[in-house]
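Structures are listed in the sections that come next.
You will see chain A twice below: alongside chain B first, and alongside chain C after that.
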Partner chain A sequence: MIRALLRVFVASLLGRRLAGVLSLTAVTLGVALGLAVQIIHGAALDEFGRGMRLLAGEADLQVVGPRAGFDDNLYLKIAQQPEVRQASPVLEIEARLPGREEKLRIYGVDLFRVARVLPMLMPVAEDGAGRLLGLEPGRLFLSAAARESLELANGDLLTVQSGLRETELLISGSVPGAPAGQAFAVMDIASAQQVFDRIGVLTRVDLRLAEGVRRDDVLEQFAARLPPGVTVRPPDAGVAESSGLSRAYRVNLTMLAGIALLTGAFLVFSTQYLSVVRRGRELAFLRAMGMERALVMRGLLLEGAALGLLGGLLGVAAAHGLAALAFALVGGDLGAGYFAHVTPSVRFMPGASLVYLALGVTAGVAGAWLPARHATAQVPAQGLRAGNDSELLAANARWRAALTCIVLALLACLPGPLGGIPVFGYLAVAFILAAAVFGLPGAVGLLASPLALSSAVLARLARARLTAAPGQVVVAGAGVVASVALAVSMAIMVGSFRDSVDDWLSKVLPSDLYVRASSSVASGYLDPEAVDRIAATEGVARVVPVRYDSLRLNDAALPVTLIARPTDGGDALPVVSRGPVMDDTRPRVWITEAMADLHRLGIGDHLALPIAGRDAYFVVAGVTRDYARQHGAVIVELNDYRRLSGDHLINDLGVNLAPGANRDTVALLIRETLGDRVVEISLPAQIRAISLEIFDRTFLVTYLMQAVAVLIGLFGISTTFAALATSRSREFGMLRHLGLRRRDIGRLLALEGSLTAVVGVVIGTFAGGAIALVLVEVINRQSFHWSMDLAPPVGAIVGFALTLVVLAALAARVSGAKAMRGSAVAAVREDW
Partner chain B sequence: MLLLHSLCKRFRPDAEPLFSGVSLAIKPGECVAIMGESGVGKSTLLNCIAGLETSDGGRIELEGQRIDMLDDDAWALVRRKRYGFVFQAFHILPHLNLADNVALPLWLLDIDTATARARAQKMLDAVGLGGRALDAPNKLSGGELQRVAIARALVHRPAVVLADEPTGNLDPDRAGEVLALLIDTVREVGAVGILVTHSRLAAAQTDRVLQLRRDGLHSFDVTGA
Partner chain C sequence: MRSFQCLMLALGVSLAASAAERYPPVLPGKVITFPQDTGAHPDYRTEWWYITGWLQDTDGMERGFQVTFFRVRTLLGEDNPSRFAPTQLMFAHAALADLDRGRLLHDERVERALAPLAGAEEGRTRAWIGDWSLVLHEAGHYTTTVNAGDFGFDLRFDPSGEPVLNGKAGWSQKAPDPINASYYYSRPQLAVSGTLDIDAHSHAVSGQAWLDHEWSSEILPEDASGWDWIGVNLHDGGSLMAFQMRDRSGATMFNAGTLVEPGKGVQTFSPDEVRFQPLRWWASPRSGIRYPVAWAVEAGTRHFEIEPLMDDQELDSRASTGAIYWEGAIRLLEDGRQVGQGYLEMTGYGERLRM
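Right, the complex of A and B next:
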């Protein structure tokens, strides 16, 4: 039986190669894009996690605190706990290297303890020199990867920066246990504290627990014993944090790939539908010969499954190729910046590959389902009648179904995320797409009605055809609707996002110049004396100091960024909402939207921030916009922070110039004052340009996916019109008998193609606008926790729509060329 | 007047002609049937007359103008203005209602909508389908569809009406009725009618019956054995 099905049905695919190849390509692309996203992120996360796990060594738990670190007295207390067998203190520094682009991660470790907990961090001195060599100040040991990237050998000097001070460290050996590809250095912890002005400070303590002690018990008990802002966690928690940060981005890309696959399913639908219409007589004959209805159904579904399977297999192969290409071109985070310094490689993912293969088959079967139902519902006698192959593709207006989907979409926008993923938001997108497809047949009549005003014969014929056979538009246009909706929604969302980011950047960068010793995570900083010297520089009117730190508000949540800066009562901040705050007894803070969402905070709420090992209490005065920190930030008035922490260091300094002062001259004076190698001076325009470049790189992948989806949508028009043109060859032959020229038939096809595209584009644009609203107001809010102002790129959308209509007209015209090449005589012959 | 003078057709330059020496003069209002064995080239001759295939010799004149030398576009214009066609398989567009199907040749001639509608209605009245102008073609029987095709073939008052097996898809009763309608209407509008058929019964209703052979057209008595 299977052999019969394969011979009768699947073999028919070989007879329609063009349509088959295009459907196959669509499924392949959908599967390839979706799986590639999984492979890329899976490999990046694996590599990142592998590095973290290897560097965690045999530690059972890690005590971690704010980025600035915590008091090293805590280490002594922890080490004395009965649950702890071994404790190893670590001071982790991201060292700025003056004169070099790259930074170097340096682990300051206790050389006597590290071997028991983190043996892979154990340094080995050069030429068999004693272990105690490492205890000497200024000695640095490099991993093989660091040695290679920095091009340094034993005996060389490496200059590191702390604050604005440069210190030379002597390369004295290696770290043989360092995992391959991990570039870092190790030095004695006391020496590191001294070199980097972090006396008495640790950033981490690695723990090995006593025999029989359960890790979960310690996690629970230590939480109460540790000071505010310091927490204990499993070593691989960092992987989960990174995974959590990139998850929303990953899910978004996966959904985009899903829409590409959906468009592919529409394409399978259109080719299968046209195929069963054209094969009506053949199928009726098979039924008349005794083939059961169910067998015909199975055979037609098998055709879809075969397309899906082949497309899926090709997609799985292509996904691995795409992943390799992405690693080579944009890196493991697809340009989004989640996994910097990670160099993953492509690995075969059997589980994900199987899932995507199944999705490919599902797309094929789903696409073939309705056509198969249509074919099996036909009465065989009717199908055997001569002339039945000119059947019009009917489709009823389904306004009620469309309306129901719209209501369901609105309802799906109401609930919050599930596990941080806006599941209901995506459901709303699916409902909107369904509403658009349901609305297609009804929209045909509405949108084709202006043609009634034209007395031109081609316009009349095209209008008559489309209104009498709206199914033709549904079949050809469904893919266009899906792809246009995707492209328009992404264009509106990305356009609005970019506009809002640009606006935000101009608000957060009001100064004329920005001075810093390094990025906030690295070892450079400005001390009060340096700030005073800059403020006293000729041409400087005012300086705006900013200090950054990261705080852990509770054990479960991701660290939030603390920004201490002059707030001018909120006027200096990109405030989204503010309100009267009754509590005058506590200092005020401003929180970002992500902070408000993730920590469920609102204006007037009280907030405890662990500053300098103590909880300091604030009241929330307002919510600000922040597109830089997805996990949330809190902005504290600089004077309050200094009073509470005693920390007077500065990371970034905004410099406002006096009237008439020259920006370049002032920058030069500052460089001369502080030293050219140890400060970075940027103009707001440069920072803005770099930020927007990063933004564009992040969305590059989404642009590519949109282009693919639109291409698949155009395939839909092309295959539909190719098939329709063939099935309508008699009609065209008759029209040529009546005096229409070949080119008139071509124009007729182009007109029908462009009308189909107009209907698809108009419905797709409306759906895209609605999806954009869901993306902006629901999905982005729930995924990334940031709001944006709607700024649809109307010109670009109109240009895109017109281009698509023209391309669709061309596709229809070119696809119909084969049918038009035939002789008008042969076309009308009954016995041909 | 339609004049064919020594028309010849071969499918390859080095092949024997399918037919040659085909000469014929048909005056307006006259309806001629062309018969012949299968494969002799009846439909090909019709196609040559319509400019849908090129002849390999001879001349075609319509109302004193030589038309066999025209290019493809010019032939299209001639067909649009001067020819009407009736096909065996009707070829009624399923997405147009009956009135629009009949008005189609008028649309091609840029005749204004109101006039086209009125003339289509008149033709539908003439073929007995006046009350069904707005019906969709799928509601009609084969005989009714061929009536619509006749209305469409004549609505623009062509000089020549070519019908290739117009009753081939109809039962004998319907065939006689439709054929009578076609011939009467051709005569009424003063067109030249050429009917290709295998049916002696159908041919007998025309003014003249000719048999196509390789060497040309010959008179044929359909009443003979």
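Right, the complex of A and C next:
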């Protein structure tokens, strides 16, 4: 039976190669894009996680604190706990290397303890040297990857920077246990504390537990005994943190791939629909011969499934190719910057591949389902009569369904995210798309009615055709709607986002120059003396010092960035909302939107921040915008921070020039004062340009996916018209008899095509606008926790719409060309 | 004496020649006072507390044991205010000679001195690394606790007499050049009681032990290849310590000893009064190194023979500290009759120690 079905139905796919190839391509693309995103992120995360896991090694637990570290006295207490078999203190430094672009991660470890907890960090001295060589100050041991990337050998000196001071370290051996590809260095912890001015500070303690002690049992006990801001966790928690960071980005890309796949399903729908229409007589004949309705249905669904399966298989293969290409071109994070220093390789992902293959088949079956139902609903006797497609193409306006979908979409915007993923937001997007498709038939009538006023024959013919067979528009236009909606919504969202980021950047970069010794995570910083010297430089009116740290507010959440800077009562910040907290005597803190969302904080709330191992209490004075720190940030007045922490170091220094001072001269003076090799001076314009470049790179992939979706939409128009033109050859022959020239038929087709496109584009644009709103207000808000001001790029959208209409006209015209080739007589006679 | 010096060299704590000047010199004439000098002397380069002895469990089974705490001043990071500054390192080593196994069980610990995790206190003996410790209590007895991988012991040592000062009132010359000397006293005839854990069994044990405490600032002379040392509790209540330093040809370059005979007091020997003569060699099946495991030893007028508890008491810690040597329980015979039990240490029989 299956063979019969295959022969009768699936074989028919071979008869319409062009349409088949196009819908196959659409499914393939949808599957390929979605799966590629999974593979790329899966591989990058795996690699990143592997690195973290490898570097966490055999440790049972890790004690971690703020980025600036915690008092090493704590280590002595932890190491003496009876539950702890061995504790290994670690001071992790991201060393700035003056004169080099890259930074070097350096682990300061206790050589006598690290081997029992984390053997891969055990340094080994160069040949012939004693085993305790590593205890000597200034000895550095490089992993193979670091040795390679820094091009250093034993005996070479490497200059590292701490604050503004340069220190030369002697490369004295290797770290043979370092996992392949992990570039880092190891030195003695005492030397690390001294060289990097971190006396008394650790950033981590790795623990091996005593035999018989269960990890979960001690986790809570230990956590309760640790000072504020320091927490204990399993080493793989770090992997989860990094995975959480990129998850929102990943989910968004997956959604885009999903829409591509949906567009593919629409395309399958189009081709199947047309094929069913064209084969109306054949199907009726099969029914008349005694084939059961259910069997016909199954056969038609099998056709869709076959298309989906083939497309899915091709898609799975293509996805792995795409992933390889992406790794080669933009890296594992698709340019988003989540996984720096990670070089993943493509691996076959059987689970995800199966899921996407299934999605491909589902798209094929879903696309085939409605046409199959239509075909089997027909009474065989009717179908046996001369092929009359108008009946099948008659589609009723479905305003009620469209309205229902709109209401559902609105409702779906209300709930919060599920597990940090805006599931309901995506549901809203799906409802909006459905509403748009349901609205299509009715919209045809509305949009085509102005044509009735035209006296031109072709215009009236086109209108007659479209209003009589709105199904044709649905069939041809559904793909267009989906892809246009996707493109428009992304354009609006990305445009608004970019606009808001740009605006934000100019607000947070008010100074004329920015001076820093290194990025805030690395080992350079400015001490108060250096700040004073800059402030005293000729031409400098004011300096705005900023200090960064990263705090752990509770054990579960991701670390939060602490920004200590002069706030000018909030005036210096990109404040979104602020409130009167005059009567509160606590020091003020401004929180970012992400912070407000993730920690459920509002203006006037009290917030405890673990500063220097003690909880300090603040009152939330306002909410500010921040596009840089997805996991949240708090901004406190610099003087408050200094008073609480005793930390007077500075990471970034904004320099405001005195009137008439020359920027370049001042920059030069500062360079001369502090040393050219140890400071980085940037202009706000540079920082802005770099930030926006990163932004654009992040969204490059989404632009590419949009282009693909639009291409798929155009395929839809092209295939529909190709198929319709064939089935309408009689009609065209008749028109030729009536005096229309071949050229006129072409114009008629182009007109119909552009009308279809206009309907699709208009509906798609509206739907896109609505989706953009959902993206901005629901999906982005929930996954990244930041707001943005809507700034639709109207010009670009109009241009895009017009281009699409023209392209659709061309596609319709070209696809119809075949139908016009035959002689008028033959075409008409075919019917008799 | 101890394997520690070779161990330090093998570890390659590189000490510049001029660095020696930064350690206090070991000169004769210093008065060693108790209990003050049982504590650590952190200014000196190296120091160790070393207990060896024989244990007997309730079944009559005899085993040798050894536990040592070393301290070394590295001259590294003395200007570094970090609490991790490796100015003083602590090493601990424990071994058990078990006839059933036919070879030594041993384990070791290394840490930088960092109270309260590891260190050596001044004023009274207290050296520890984690849960390994050696303590002199105010009541006058010592205790040690060792939890090694496959054995452990918790022992108490009660001295039966005063400390014995070796050499000239505790100033012990090691080589022809008197610059190679240490401050050195012994506590022989320590009565042992406590428990020994081995093979998941806990044994009540008793026995006799010997404690050496020695501190110095010089490493081995350039032309020395190794040494042989014995410390024996005599059954008559006396004790014998003797050693010889060998040069690169294997010939004796220096030797000395201390004999305590009940009723006769302490007798210290000059180099020509002590003689070591190998009687029987044993080749280690693991390292291939040949050790003279049986000796004839002359100390003054007395002639002894040494027989090991078992031949295989080689200690191979090349993988960790780089040292390989023989250190084990021995019986002391005089005229074919056992007159004492103690320990023998032999170093430098393998490759020449890296300098």
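Operating definition for what follows: the second predicted complex is superposed on the first by the 821 of 832 C-alpha atoms of A that agree within 3 Å, B and C clash if a C-alpha of one lies under 4 Å from a C-alpha of the other, contacts with A are read in each partner's own complex, and residues count from 1 in each chain.
Following the convention adopted for this analysis, a residue touches a chain if its C-beta (ideal position, glycine included) is under 8 Å from a C-beta of that chain, and two chains touch if they have at least 3 such contacts.
These numbers come from a predicted model, not from an experiment.
Peer 1: Between chain B (first) and chain C (second), which, if any, makes contact with A:538: first, second, both or neither?
Peer 2: Neither partner.
Peer 1: For A:112, using the defined touch cut-off, is the partner it touches chain B, chain C, both, or neither? Pick first, second, both or neither.
Peer 2: The answer is second: A:112 touches chain C but not chain B.
Peer 1: Quick check for you: in the superposed arrangement, does A:734 touch first (chain B), second (chain C), both or neither?
Peer 2: In the superposed model, A:734 contacts chain B only, not chain C.
Peer 1: Regarding the shared-chain residue A:457, is it in contact with chain B (first), chain C (second), both, or neither?
Peer 2: A:457: touches chain B, not chain C.
Peer 1: In the superposed arrangement, does A:465 touch chain B (first), chain C (second), both or neither?
Peer 2: A:465 contacts chain B only, not chain C.
Peer 1: For A:79, is the partner it touches chain B (first), chain C (second), both, or none of the two (neither)?
Peer 2: second
Peer 1: For A:193 in the superposed arrangement: first (chain B), second (chain C), both or neither?
Peer 2: After superposing on A, A:193 lies in contact with chain C but is clear of chain B.
Peer 1: Pick out the shared contact residues on chain A: the ones touching chain B in one complex and chain C in the other.
Peer 2: Dual-contact residues (chain A): none.
Peer 1: Could you pull out which chain B residues touch chain A in their complex?
Peer 2: Result: residues 43, 47, 50, 52-53, 72-73, 76-81, 83, 85, 87-91, 93-96, 100, 104-105, 107-108, 110, 112-113, 136, 165, 168-169 of chain B touch chain A.
Peer 1: Write out the stretch or stretches of chain A touching chain C in their complex.
Peer 2: By the definition above, chain A touches chain C via 72, 76, 79-80, 89, 110, 112-113, 125, 129-133, 135-137, 188-191, 193-194, 199-200.
Peer 1: In the complex formed with chain B, which residues of chain A make contact?
Peer 2: Within the complex, chain A touches chain B at residues 386-387, 390-392, 455, 457, 460-461, 464-465, 467-469, 730-731, 733-734, 736-742, 823-825, 828-830.
Peer 1: Going by the contact rule at the top, pick out the chain C residues touching chain A in the complex.
Peer 2: Spelled out, the residues of chain C in touch with chain A are 10-14, 74, 76-77, 80-86, 89, 110-112, 114, 116-117, 321-322, 354.
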